[in-house]
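Residue numbering begins at 1 within each chain, and the chains themselves are lettered A, B and C in the order written.
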C-alpha cells in the first residue's frame, strides 16, 4: 500500500503561540475505521483539523491519499468532515444545507439534489428534510451533519465525536454506516469519548495525550505491548479458592479478588499466557468445573486507563 | 472502493466554468443570510431611515417657502445623499454586511462548511464579496433611488414627467445610483479586508470614519486617499463644505472610476491572500 | 444510598446581604476588565484631564507660581461654569470610550454561553443581575467623571474660600446630576446592546452607531422637515441641552426645549430597560 492510499502525518507539530497543540506526530493511516482517543485537551481535534487542512502544521507535512491542503479543489473531493460543533448556517433546512454545499462543489442542480437526498436517506432523515435544521433534535442535527459530511461520497471521512447526542438506535445505525463505508475501502477516522463503542468498531486506535501520540495500533496489539502492566482475567468456576491458592504459588500473579457469590474470581497477572497454562493444569489436576474465562481489561478502556491515567468513562 | 463523484467535475471543461458555478452557488447560499435575520435590523434602518423622512415630508405638507423650488429640492437631496446616505447609511451598512461575511461564520462555527469544500479560497472570497455587494446594492441603491424620487413627488406628476423624461432627472438619478454603487463596491472591499485582518473591526472602522469625515479639511493630496473624495467628485450637485474646507479640484470620472475599481480589486486580492492563510480554530472571539 | 446522604451538605456559611448582593457581579467583572493592559492604560489616561484642571486651579490661586512661570493672570482660563462643563464633557467622552470597551462584554458572554440560568438559579434575581451589570459601568464611570470633578470643585472652593462655594454650589449639583444622567444613559445603552448583540465588537460598534448615526439622522430630520424635533434621536444633542441648563440655567438656542431633552433622555433609558428586561430570562428560547 502506497502513500496514495493512506493518510500520512509526517512528524507534525502544531503550536498555538507557546501552547502545544500536538507534537511530533507520525502516523500512517490505512483504510478502515481508526479511532482517536484521548482526554479533553489531548489534541484530538487539533490533529483532526490538521489532517483536514483547517489548521496548518507549524512543522511537518500531511497528505491525504497523496493530496495536500495546497490543492483544496482536489483534496476536498476526497474528504468529508463532521465537526464536533453543533452549529449550522442559519435558516437552512436539512435538504438546503446539504444541497447548497453540494452546489458549492460545482455540481448541477439535478446531481446535487439527487446526492443530497441520497445522503439524507442514508441517515434516515428524509422525513425531516424540509424542516429547518435549528428545529431539529440534537440527534437529528448530529445525523444531518453526518449526511453533509458523506454527501459527496468521500474516500476519507473525518468525524469529530460523531456519536454524541445519538440515541442507541441511531448510534447503532451510524456505526453500521461507518462499518459499511470502511468495508467499501474508505478511511473513517473517528474521535470519540464513547470508549466501548470505539472498542467494538475500530480496526485500530490512536491514543493521544498532552499532544503526543502515546500508542497506535489495534487494541489487542497495544495491550500486548504493555508487558509490565498486569492484566485482569475473570474466571467463573465452582472452586475459586483453589485457583487463587495455586495462582499465588506463581510469580506472575499480582492480585486476586474473589467474587461475592463465591463462584468466581478476578486475577491480575503479569503473564496471561502462564496463567492460562496454570489454569489448564488445575482443571485437569483438581477436576475444576470452569464456567467462563475472559480477559477483563482487553479493551480500549483499560488500555486508556493505563496509558493515559484517567477514567475514560468520565471524560 | 469508493469512487469520487466529483472527479469528473473539471474533466473536459475549463476551470473558469467550475469557478463560475461555485461562485454562483456561494452567492445562492449567502443571499438568504444577506436579507433575513435580526442582525440586519440596523441595515434596514440605515437604508429606510432617509426614505421614511422623505415620506413624512410628503405626508405632512410643508409651507411653500419651506418646500422651495425644484432646484432647491435638488439641494435637499444632495444634503440627504452626501451627509446621510454616503457618510452613514452606506458606510455603516457596508461595515455591517461585509465585516460579517467571514467573521460571523467564525463566530457561528460554520466556516468549515465552506473551507472544506473543493473550492479555491479565492473563489470563496469573490463569491462572498459579490453576495455582500448584491445585498448592499439592493439596500442602498434602492434607498437612493427611492429618496431621489420622493424628493420631487411634492412638485406633482407633471413636473416629475418633465424632469425625468425631458429634463436632467434621469441622468442625475443614474449618476447618484452609480455613486452609491461605487460606494458599496469600495467600502465593501475595505470592510471585507478589515473583517478579515482585525478580530475587532470597530477601531479600524472608527479610524476610517474619522478619516472620511475630516477629509475636506485635509490638504489636497491627502483628500485623494479617501473613498468619499472620489464619490463626492462624481455627484451632480456639489455641496458647500463650509468655511474651513480646503477646496480641491474634483478628480475626473475618467480617472476616478478606473482608479477606484483598480484599488478595489487590489483590496479584494489582499482579502483573498488573508483567506488563503486562514486557519479555523473557532476559539473565543 | 443516595449520594447526598454520603457527603453532601448545603452551604451554611455567611451570605452577602440581599441588598448588596448585586455588587458581586462588578467585583468579578473588574477582575477581568483590569486584566487588560490596554484598558488599564486608557483608564489611567482618563485621570490626566482632571490633573491638568487641578494645575489650572492651583495656578489661578498662586501668584508666586504664575510669576515664576511668567504667565499673565488674565491669560488663565476662568474657573466658572464653562470650565467645569468642558471638563465634564472631556471626562464623559473618555468614559464613552471606556463604556464601549467594557459594556459589550458584560452580558453577551453570559447569553452566548447560556450562563444566565447559572446566575439566576442562585439567590440572585433578574433585577440584581441587571443592577450588578449596570453598576459595573456606573462605578467605573463614576471614578472618572463626577468624583474627580467634585474633588476639583472642592479644591477650587478650598482655594477660593467658602463664599465661592456657596455662590457656586449649583455647579456641584450640575456636575453630579449631569454626570449621573450621562452615566445612566451610556450604561443602560451598553448593557442593553450587550444583551441583544452576541458579538462584542458589533455591540461596541452599535454603541458608536447609536450616537453617530443618531446624530446624523437627527440632523437630517431637522434639515428636511424644518424642525428641531429631530434632535430627539440625537443623544449627544440632548445631553448638551441638559448640561447647558444644569450649568448655566439656560436652554440652547434653535434647539429642543429643555424639558423635552430631559424627557427624551428618560424615554431613551426606558427603552434600554425594556430591551434589557426582554432579553434577561432564565431560559433560552431556541427559534427555528
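One rule holds for everything that comes next: a residue touches a chain if its C-beta (ideal position, glycine included) is under 8 Å from a C-beta of that chain, and two chains touch if they have at least 3 such contacts.
Here the structure is a predicted model, which means the values were calculated and not measured.
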| item | value |
| --- | --- |
| Central subunit by CA centre of mass proxy | B |
| Chain whose average C-alpha position is farthest from subunit B's own | A |
| Which two chains share the largest set of C-beta contact pairs | A-B |
| Between subunit A and subunit C, centroid-to-centroid distance (C-alpha), Å | 54 |
| Chain centre separation in whole Å, for subunit B relative to subunit A (CA means) | 49 |
| Inter-chain centre distance, subunit B versus subunit C - centres from mean C-alpha coordinates, in Å | 34 |
| Multi-chain contact residues (two or more partners), subunit B | none |
| Footprint of subunit A on subunit B - complex, ascending | 1-7, 9-10, 18, 21-22, 25-26, 28-29, 32-33, 36-37, 105, 108-110, 112-121, 277, 279-282 |
| In the complex with subunit B, residue positions of subunit C that touch it | 100, 197-202, 204-206, 208-209, 212-213, 216-217, 219-221, 223-226 |
| Residue ranges of subunit A in contact with subunit B within the complex | 16, 49, 52-56, 72-81, 83, 85, 87-92, 100-101, 103-107, 111, 115, 148, 152-155, 181, 184-186 |
| Subunit C contact footprint on subunit B (complex, rising order) | 39, 42, 46, 49-50, 53-54, 56-57, 60, 62, 66, 76, 79-80, 83-84, 87-88, 92, 95-96, 100, 103-104, 107, 199-202, 205-206, 209, 285 |
